[in-house]
Each structure stands twice: as C-alpha cells, then as structure tokens.
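Each of the next two complexes has chain A plus one more chain, namely chain B in the first and chain C in the second.
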Partner chain A sequence: MKNCFIICLAVILLVTLNGCWNRRELDAISIVTAVGIDKSKTEEKIQTTFQIMKPSALKTSGSSSSGEQKGVWTLSSTGYTIFDATRNATMQTDRKLFFSENKVIVIGEEVAKSGIAPFLDFFLRDPEPRRLSWLLIAKGEASDIIKAKHEQENIPAKAIRGMIKASGATSTAVQVNLNDFAKCLSTPGVDPVACRIELIGDGKQSDKKMCVTGAAVFKKDKLVGWLDRPETRGLNWVLGKVGSGIIVVKSPKEENKDVALEIIRAGSKITPEIRDGKITITVEIHEEGNLAEQMSNVQLTNVETFKELEKRKAQVIKNEINAVLDKAQKEWGTDIFGFGEAIHRKYPKEWKELKGKWREEFPKVDIQVKVDAKLRTAGVSTAPSKVR
Partner chain B sequence: MLEDGKISNLQFICIFVLSRLMLTMTYLSYFKAPPFNQDLWLSALLSAPMHILFMLPAYFLAQRLRNMTAVQSAEVILGPAGKLVSALFVWFFIHRTAIILREFGEFFTSILYPETPILVFIGLTALFAAYAVKNGIETICRVAQIALPVILFSVLLIMALLVKNFDLRCVLPVLEDGIAPVIYGAFVIAARTGMILGIPMLLPYINIPGKLKNYLIIGFFVLSFYFCIIVLLTAGIFGIEQSKIIDFPFFYAVQLISVGDFLERIDVLFVAIWISGMFVHASTHYYLAVLGTAQLLKLKDYRPIVPALGIIIVNLSILQSENIVVFNKFLSYKVYTWYVLLFMVILPSFLLLVAVIRKKGADSR
Partner chain C sequence: MKKLHRTLVHSSSNQQSESDQDIPDKKGEPLSKDIKVNFEKMQDIFANSSDAVIRRFEVGSDVKIGAFIVYIDGLVDREIVQLSLMKPLMVDINPTTVGCELNKKNALTIIKERILSISEVNEINCLQDAVNAVLSGDTVLFLDGSSTALIAGSRGWEARSIETPDTEVVVRGSREGFTETLRTNTALLRRRIKSPNLKFESMKIGRQTQTDVIVAYIKGIADEKIVEEVKRRLSRIDTDSILESGYIEEYIEDDPLSFLPTVGNSEKPDMVAAKMLEGRVAILTDGTPFVLTVPYLFVEAFQSSEDYYSRPYYASFLRTLRYIAFFISEFAPAAYIALTTFHQEMLPPALLINMAASKEGTPFPAFIEAMIMNIIYEILKEAGVRLPRPVGQAVSIVGALVVGEAAVSAGLVGAPMVIVISITAVSAFVVSSINDTTTIMRFFYMILAGSLGIFGIMIGAAGFLTHLASMRSFGVPYLSPIAPISTQDMKDVFIRAPWWAMHTRPRVIGWKNLVRQKYNLIPKPNKDDDNK
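== the complex of A and B ==
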C-alpha cells in the first residue's frame, strides 16, 4: 500500500515537475540585444526601438551565401512608459521580448536632456534586464543608432559592446554600465557621465557608421553637455581610469615634427583639504609610458631630451585635465569627478553642511593639478633610421 | 523522550550558522536599518558580542534544566501557568517557519518566476521540509553539515569573483555619525537571530552539552565575519544608496559576476545552493515548532502532527501579509527586532529569574 502510494506520487511529480512554471523556449522569445529610447515625434509618448536577434540568420556559420543577411531585426513601438512600449512591441513580434541578453541601452539626446532617471527605473526594477548593460547616450536619435549596421559584426549591439571595451586603448571614451550610472545617480557628491555614441560619415543614413567616443555629462539626471575626446581623457585621468593611449607631443629638437608616446599605466590621487572654510583639491596624476614613435629624424634617446619629452607629456596631460575641469566647473557646475565624495570621505563633519549646496560650491573650489609623467623605454630601436 | 536522536555540538552549530546565514544572503535587510551609512560593516562585526549578550539568558536557562526543552522547562518553572509561555514559544517557531517560507517564496516570485503563484514554492518547500522533520533532527543536522561548508565556500568564491568590481573606498569615512548608530545596527542584526531560542530547545539532544559554549562563540564570530564580507561586497558594488533600494542585493551582486566574458550568469547556480540552505533553515524551525507542540500537548510521538502543523504553517505564511509591502513593513527593524527579542531574550530572562528564585533546576556551576 505504502509503496504503491510512493510510486504514484513519484509518477505524478515526474509528470508535473519536469519543467519550470515560467518555462520559455528559445523559439517563443525575442532576444533583445539593444534598446533605444526616444521621445515620439508625433505624439506625447515614449518611443522604444529594439534590436532583436534572429537566431535563424546566425545559424549559417562560415558560409558566405547568407553574408548579406542581417543578423538582427529592428522595430519600434510607442507607449506611455518603457514597459508599456515594450509590451506594445509584442503586437509586431509575435513573441514576448526577452531582456536578459540585452547588452546595450541607448538613450536619445532629447530624452537625456529632460532627465534620464524615470526612463531607467524599468531596467533597474525588472528582474530580467541586467545591470551590466552598457549605457550610452546618442548624439541625436537613439533609434538611428539601433538601426545602424556594422560591417564586421552580424549583431550591431555586439559591435557597440566591443567598441566600448576597445576604447581602453585610447581612453577617450568612458565605460559606464547601468550599475555604475545608478550608483553615481544616487550618491551625493558625484554626478554621472555616460558614454557617447554617434553616427559618422557622409551620405545616406544607412551608410553611416557608429562611433563610440567622448562622454555625455549629466547634472543630476539631466544631460548638460558633451566632452570631446581629449576632454574625456582628461576626465579619465582624474578618475584614474586611463588604461592606455597615445599622447602626441612636438619633438624637442624639431618643433614641427610629432612624437607619439604610449601610456603604459596611470593612476590618480585626489586629496581634498579644507582650511578656514576654503576648499582646495589636489589631483595628483602618476603616469608611465614609452616612446612609441617619432616622426622627427633626430636622436631622442638621450638624458636631456627624455627629460624634455617627459615635461611636454606632463604638460599635455595637464592641459587635458584643465580643459575638462574648466568646462565642468565654469560651464556646467557639475561634479563628475566625485570630488564631493572625496571630501565626504576625508571631512565627514564639514560635508554635512556642504552636502546640500555642493553643486553651488563646486565651481568655487580651487583645484590643483600635479602631473608626474615618466618615460621608461624607447622600443626596439634606440634611434631613428637615418635616411641617407 | 519524544526524540531519540542525539546530535553533536558541531552539528548544532552547523544548523545555527546555516539558518542565520541564509536569511542574510537572501534578504539582506541591514541596509534598511541603522546606521544607514557605510559603517554597516562595523555593525556586522560588532554583532558577534551582541549575539553573545542576547544568548546569555537562553543559554543559562538551557544549562539549568539540561534535560528539558524550553517548552517543558517553562511548565516546570512556572507551574500550570507555564503552559502560556510554552505556547508562546511554540507560536514563535510556527510563525518563524511561516516567515521563512514566505521569504523564500517572495525571493523566487520576484526574481526568478514572476508568473508562478507563491503557493507553489511555499507548498513544495513545506512538503519536503515535512519529510525531513518526520525523519528527526539527526537528518536535518546531516544535511546542514553537508550544506554549510558548500555555502561558506561559495560566499568566498563569490567574493573572489567580484573583487574587481569592488570599490574599497566604500568604507570611508569611518564612524561618520559616531558609534551609537553602529551599536544600534549591531543590535538590530543580532536581534534577527531567532535561532538563539533553539539553544534551550535542542540542548537536551546534544551529546556533550557542557561544551556548547565554545562552539557557539566560534559560530558567532564566523557569522559576523561572513556578514561583514556580504555587507562590504554589496556596498562596494552598488554603493550604500543603491543597496538600500535593492530588495535582494546579494543576489544581484552575484548577477554582476562577469569574468573574462565567459564566466557569467552563475546566479542560478547559486540559487541551487541557496535552496539547500533555505531547506535546512525552514526544516529546523519546522521541526522545533512540531517538537514544541508535541511537548506542549504531552504527546507520545511528534510525527503524526507534522502534516497538520504543516498545513497551518503554509496557510499562515500566505495569509500573514497580503503583499510584499506589508510583509517588509513587518520585517523592518522597527517591528521585527522587538518581536523577536520578546521571545528570544525577554521570555527566557523571565523564566531564568523565576527559576533562580524558586530554586528550580540544577545550578550549572
């Protein structure tokens, strides 16, 4: 009797528990690889653009016959909120959108200017999207970015992801994911930045190429301006996020020729100081690099010229930092460097008063930049090949 | 005796640490309680001495009446009126089991299976826990002994995998608002260890009860060390402000693991490990509820009431709050701390006091 009961129970369990309740097969979901968010031009709604993977197009690996076929499908839908628009998209897709594989969120310029926080709530609240998705701000419409093609990658979102990762080679873009952005947004004493993406090239819209460069600067959650490439590296110097890159300086003995110096490693130290109510912040940069290339034909590998190159390199770094400090302090009054957090860490008591008015105080803060740039090696050849 | 099994000190401490750690790993509500800032890791460290403080009344009560559980000793100490206190103890374990099951269910329904009714998770867990309870405390202890090392190791592994996302500067400034909120924080953390009441419940079944003290103290320090790791990791990755908002921060931290583009999405693997821990957590409390009820009603065997109590617990766990907002309000530090303290510290202190005055039980010295 007892054995019979156990066998019956086992059979019932076997039949009913062989899958999850929320089971979704691959052919019943639309895997979203990138999302773009814009304001709808025709009505007072949000327009979302989705880049959806086409598994059938990706199956043919190696064969060039389907090379013309796009690996993704893009579609737009509108709604009053993001989630509303997402669900409205199912009217076109025949499948529910699936966000766990989403790697890229692109926000249109107009939306970013109006305040980005309400648009991120869905991505932070819903359990499906991951906080590791990269956050990018489009110069112009986000839908254009989502619809753009990429020659090398079948899935353009993968290309965007790759470009963000590759930006470490120049350090002229910021690498910000959803989690970093949300963290900056809710921490007092630091304003967020996000990566900038734009379409470059002339001609037809479909011929334009995506380009990940620079940074979008926010005040609270509103976009206030853009940083160009050197300014972005200036920001990265202060944040200690410069990985690699090339610094071009004029050759010491031939002033019209350029010398390229490669950055090997860099670090920064932010030291705030409050004396008699006056705030001074010292930013120290330590950089090490190599002499990587010279266009001039003079021998640079001697003690004096190396010293001179180091001096010039330090000056370039200083200029980059000063450019971004100037813009952040004078033009926008937004603390993207986290100086407020640095003060909080060192002077918790004083910060209690400063916290509320930090954005007004920040432009008045005196910031000292000290750069210590070193050259270590000079590559394989010690001198340029003499042209005879 | 109702229970013939004997457990060792090590097994007891395994259940103890495991059930306490599981609650932290899933819910991690400390960010929503004082000190509300980056000093929380200090609170986590200070929770060890606070635990020892809270443990004292229950521990001395247990040592005084070594061969009786808390439910039985209340009657011996207070006479017939003791039945009321015993009933309160039993209620505490029933309610705790209901809370644990509900937490477990909420975790699954809000993160992994949003469309599945919560009853499925609560019912299934209760079903398996009932089976474990039927087999006695020794079985539960064995599972704990296997699961605990795995879980302790997995937390360290998570730490190693997340270390590159981790911003150590999150601990500064230290003691921003002074030491008082930090101590209050430690108080809140320690007050959630309702398992302390498990000491007088399980001491009669421990083979060498005299040595339990040392094991408990080691257990508390292991716990506070792990609390500290979990709190630091979460705060370092999400920042203090975000950690306060996120409902299951440690789980989300595991979701962020991404090593070299291939070691990703191991969160589901950890859910599998957590299930084993949650299972021990739930079945321990379930067992104590069943044992207490049987002793309260002076039954010869506790096994027949396992299904009956299970049905009560499952219903209670669903009916106790209509949604997660109400549930979280009850679990907030302002309510739940005092609720647990009433059963965990105040009632045992009262019993101990009366026992000393009425000279009941053997002096442990």
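== the complex of A and C ==
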C-alpha cells in the first residue's frame, strides 16, 4: 500500500513538476507566415518584419463572413540578432511568435549584399522554423514585400508560395528553399542562388504588385548580381530544372512571324573532363517540345520545317545558356551551376587539389554547350486556321 | 411477452450434498421413518415462508398410507403437480392398476415405478437434499414408513421467452438470445451442437442463492486442463450470492486488477457455440442471459458473429474498421489535446487557422475543454441507458442541442472539440465489448496528453501494450495470436479468411484437436464436368 502510494506520488510529481514545459494554447500563439529581414535605417540593428495570420479573419467556415477584413497583420521590430528582434516583437503582439507555419523568408537586397549566412542561422538552428520555407531576395526592402497586399489571397505569403510553384510553367525563376540554400552554402564547388522578388507597377507603394521572377546570384553568401528571366531559364537548363515553358522563335516560312514552342520535358548532363591539367566541361541539354502556337498562317507541319524549328529552338536555348554562363563565369566568377561538384564526383583525387583554388580556376574553365532539341507534335490541329 | 416456461427436470439432480451449507443444524440429517417427524421438520424449515406449500393426504384405497408433498408455489408447474402427481396418487390408485396391494413397505417403489407419471423421479434420504429440491422448484413426496423421499421434477415458472438480444445486434445470423433460465440456455446450445461430446457439468455456487452454474465444453476439442482449471476456480468461490455471471467473472479472472476483461461474455447462442467449437469453455449461470467464455483473447473484442456469416471481403473490411475505430476512440481526444497545445506544427496550415479561430474566445484550455465534453457525454450516455425510453428521448434531444450546438454558440468550447468528441463516442460503440475499458483508458490518455503531449500518449500506449502482452487468460497469452505471433492464426485477426481457408482451429486454444475441416474445400468445378 505504501509502495503504491509512493509510485502514485512519483507519477503525479513527474507529470506536474517538470520544468521545461512548452504547453501553449492555440490562442496564445501568433502564427507567422512570412518574415522579412532588413537593416534598420535609423540604428545599427536588424529590422525584422513579420506577417502574422489573424485566424478569426481567416476562418473559412461558419457564418462570420469577414468580408474585406485583412487576413494578416504585419509588424516590424528591431534587434541585434534575428532572435532578439523576434522576441522584441512580442512586446507588440501579446502572443509568442510561432514559426512552424512560416512559408516565406524574404531578405532585403542590402542585407544580402553584406552576407546572408549570419541571418539564416536562427532559421536553421531553432527547431520551430521549417527548412522548407522558401527563400527569396527582395529587390529593395524586404519589409515592402511583407507589407504588400495580394488581391486573390488573404494571406500574401501564400500567394508568394503559389507564385514560386507556378513559376515552373515558365521556368524563369528558381525554386530555392532554405534547405537547398544552406546546402549550397556549405558545399564547396557550388554557389547558391535564390529567387528574386520585387514590387512592380506604378503609383502608390500600396498599389504595387508582387512579382516572383529571375534569380539572385551569390558568391559565397554575398549577393553579387541578378539574373533576368531568359538568363534564369539558362541557369535552369544547365541545372536540369526546366519543367515547362515557352520558347518563341521566328517562323521559318515567314520570318517576321513568331512561333511558340512548348517545352514538354528537358534534361541536362554535365560531363567534366580533365586533360593535361586543363578542365573542360560539356553541358548536354536534351529537350523535347511541341509546336504550341503559330502567329503565321502557313502550314508548318512537315519534316523540313520541323527540322528548321528544332534548329532555331536549339539556338535559343544555347543563347540563353551562354548568356548566363558569361555573366556567372566571366563577370562574377561564381559557380552557381555546381560544376565544381561535378568534378568532385568524377575526379575525387584531383578535386582535393582543385578545391582550394576553384574560385580562381573557374573563370578559366572551357565550357561546351550542346543542345539537342526535338519537336514532337503539333497539337490537335495540323494545319493553321485558314482566313478567307 | 411472458409465457409459462416449462423446464424439464434437472438431469443431474441434486445428488451431491452440500457440505458447507449455511443451515448447520440440518446438515446431512437423515430422514425419519415417521412421517410426523418429517412433517414437523419441514414445517419448521419452511415456517414463515408463505410461498411454501405443504399438503397432507393419504394414499391407497384399502390401506391408507399417510403422505405429504412440499413445493414452492410459483416455482412448480401446477399442472404437473395436480395431474401427474396428485391425481394418480389420490384418484387413480387401486389394486388393479397397481397390480398388488399397497403397503408401507412397497409403497415407495410402486409409486415411483408405476404411479407417478412424471419423467424424472429420484430418491433421497437426506433432509437437506429435500429442502434443496423444493427450493429448486421440484416437488418432494414424503411417505409414511419410509426414510426415503421422492423428488418429482415439476419445475416450471414464469420466464422470459427467447428474444433477440439487445447487446449484440446482427443483420445476418441467428436472432435468438439466451434467457434467464439455465435449462433453456443449455437447450439452445444443444440444438446447435448435436453431439454427445457437448458436455454440461453442473455445480451450485452461493451459500444463500444456491445458483446453478454449468460448465459447458466439447469433449475432444476443449483442452481438459482448461476445463479442470475452470472447475477448480469455480469451486473456490465461496460466497453468499451469485446473481449474475459478472460475479463469477470477477472471482475467476486472471488479472483482477486490470481494466481489461480476461473473461468473455455473450448473449448469443451461436456465438458461444462457435467459441466452444474453437476449444473454449463456456460457463452458464442461472438467472442471466450472459454466458461467460474462457479463455478470452484481446482480438475477440474485434470479432463479431456476423463476420463469419457475411462474405469475407466485407467482413475483413469491417474487422479492420473496428481496429481503426478502437484507436480513434482511445486516442482521438488525447491526440487533439496534444496537437493543439504542444505540437501545432503537426497540423496542416488551413486546419490550424480554423482551429485557432475557433479557439479564440473560448475560456478553457483544450485539456479542460476535452474533459468537460467527455464527462458531459458520459453523463448523457448513462442517462440515456438508465432512463425509461420516453424520457430517454428527451435526454438525447437535450444532449444533441446542448453538446452539439449550444456549447459552441455559447462559446464554451470550440467546434472542433465537439467533432472530436462525437467521433470518439461513435467509434467507441463500434468495439462495444471493451467499451468500458476504452472509456477509462481515454481519460488516462487525455491526462497524459494534457501534461506531456504526444510523448505522454506514447508512454501511455507503450505501457498499455506492455500490460496487454503480459496478461494471460487461463494460460493463454492475452495478445495471441499477435504476440506471440502465430502466422497461421492471423487468418482470423485483422481479416477474416474464407471459411474454406480456415481449416484449423486457433492454435493457442484449439491445439488439442487442430483440424476443423477437410483440407482444400475451396469450391471448384467438377473435373468430370470438364470432360463432357
């Protein structure tokens, strides 16, 4: 009986007296959906901007039609580190910030230029934020992006996530989450890229729209430059990440008219070769596509035209790749394609030597681009619609 | 729906004299030859018992022999007593029918052999036996000049007729249920198993109630050791009363402190017959339609008699569904508490928003909310069961309104909580045979989840599983055939294999006589037909 009492007491104490207890009710957390990181303009501090969900306004069910009520609340706080700034935010929120549902991390241009790694440590170290959050670099201030509205989505962060996913339709943006970025940072022989986000449109700040496009190129963890849309697709060609997209070429029959070719599938193969200490890298692109649209009014569906279209398409692809290769290799000297990694895989012994001086070696590397583009079908109508 | 139910006379009668009776002064006392002494003794014993009838009369035409009968009014079939006992003795008796002159010496034998037109007549010499027989509903005939009395089987009392049991409702299958009358129950079993191997061994338990208990098993299929063990455990019981088989269950359980039952019960004869045919032993108790079966395994809670009557695919689906429902009814409120107070990151974003929205403005933490709702639900359930039917309906309407609608609109609890509780409640009824266990366990898991989150639930579940694995029922591991695993027996655990594939009995119980049917009974076209 006495033993039983002691056991019961022990169990009760075990359950009630444990120190580290992170029980928190749902109405005691502020669910953060997006974080923006900038440098404070007024003092030597970091400024974080949080987009926080307002559950009562976002509730989908029930009769309470919240109408035009804003679904999120944005607030800024400053601190010496990200965590400091996060805790400082609780002075305004009344609840503790909750990062597990965080979708988007936006980093301001200025911060990115000064080196991004210290700012990511909190997101990689703390157990709460997810490594699957999308990482974006704002052209300008990150806080402007976080504060921007979206017409369709009640939660702008959800819209950003949607835009990143939808970019697969054009392949003119890179899809990089925190985990990918951190992996690139820590791997020798690869330099990271991140998705670019900017506000477009004229007029008032609040009327501008968010636009996810292009890529931000890093050397080590510092932002060195931007890639525009064709260049970004060039990067995606090399990385083998082109899923879909439209390639516009001139019609072989009527040189002033355009033909749109849809990319159905694409792949790439990077083959490094070291001969007499000279490094050559061959990039082979295999692409298959359809004839999706033509602005001219002539029949294009014959073997010769298809051959010609294929040739023109290959040239467009090649141009896109060369554009990005030029910028990355010659202008910035940053290996965003992972060629170093490819050498590492094929020549592990040689890589040991190369690793240390890869940054110096990379601009001297000879890169060959071979494009094999195929045109398969022409949609459901073989002949153009006749205008009589 | 009451009718006069006629019970046949007890086959094994009351031969064994109870050594441990509560009426010590009459213990094993022999009957006297003098009828007056016997009469006085009986009158003395049944003094102040208004339902006891002691009727004096005389037997014989020329030589009058004093006689009296004793019976309890209400326990006997009056027709038998009047037409088969009194009339032959008082009216029909004469030398021509008897064949010889009646005297004190031969009277008993002649009456027993030639006069009483009752199928079951026994002789007794002991006063206690006579009293027991009377109390069981038999009529005892005392004759002057003989120290032996005759017991005439005349049992027949008002009893409930065979009805469909409320506890185990089936769509397909026998609708008969056991009744409160022991003899009817044995007949229901015998009608299903027409084999002399079906044995009914009877015994009496209860100092005051003298309840008839029958140990039923199929000789050659049931393990003798289990039968012996059942009998040993039953004979240990020395108590005042056995009013329901639940009493017996608690006296013979393997793990009396556990939440889980190690003795099964059923109200359906086909279910009990099926279990006996797998090698189990049934314990029938007079006065209750609930028949106990041992050994009882955990997986039996998930088996229903209908599984074996409907087609195997659907039966297997339902089986799996029951396991899922069991887990839901055990863990749903606990998981809800854990997820909303500790592991919000595990919820999908859209759900998290909705849950957070419904949480806004509710006054209590999720744990208290869940406790309130669960307790309210249990109160409603109990009220619904106990109240008379017309009032019960009112309770269920109030319950539906209060719990379903008003609690949410009044801001007492969040809407998701109501859903969780309803799902839990409905799921619990799917596995109704261990409903009481799940109810208790649910509260434990809720406390663990409220204090330690998923970690607490895991600790609880691990402890529960360990406990399950450590239990035994009459020597059979409680969790078998899952642990220790018996791949052959898995055919009847999570799925129900077709009958032609189940050619062996469950190994853990029916190992003595394993083969149930011919091998390869799968229906197939006749080979001769192919050749035509």
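Heads up, the rule we're going with is that the second predicted complex is superposed on the first by the 360 of 388 C-alpha atoms of A that agree within 3 Å, B and C clash if a C-alpha of one lies under 4 Å from a C-alpha of the other, contacts with A are read in each partner's own complex, and residues count from 1 in each chain.
The rule we apply is simple: contacts are C-beta pairs under 8 Å (C-beta built on N, C-alpha and C of every residue); 3 or more make two chains touch, one makes a residue touch a chain.
What you see is a predicted model, and the numbers here were worked out from it, not measured in a lab.
Once the two structures are superposed, chain B and chain C can be ranked by residues of chain A touched, with C on top. In the overlay built on the shared chain, the residue A:Glu25 is in contact with chain C alone; chain B does not reach it. Looking at the shared chain after the overlay, A:Phe98 reaches chain C, while chain B stays out of its contact range. Of the two partner chains, chain C is the only one touched by A:Ser56; chain B is not. Of the two partner chains placed around the shared chain by superposition, chain B is the only one that A:Lys346 touches, whereas chain C remains out of contact. By the touch criterion stated above, A:Lys208 is placed in contact with neither chain B nor chain C. Common to the chain B and chain C contact sets on chain A are residues 22, 130. Interface residues of chain B, counted against chain A in their complex, comprise 110-116, 120, 169, 172-173, 176, 237-242, 245, 252, 255-256, 258.
Residues 20-22, 127, 130-132, 179, 182-183, 186-187, 344-346, 348 of chain A are the ones that touch chain B when the two sit in their complex.
Listed in rising order, the residues of chain A touching chain C in the complex are 15-16, 18, 22-27, 29, 31, 53, 55-56, 58-62, 98, 100-101, 128, 130. The part of chain C that touches chain A in the complex is made up of residues 340-342, 344-345, 349-350, 352-362, 365-366, 415, 447-448, 451-453, 456.
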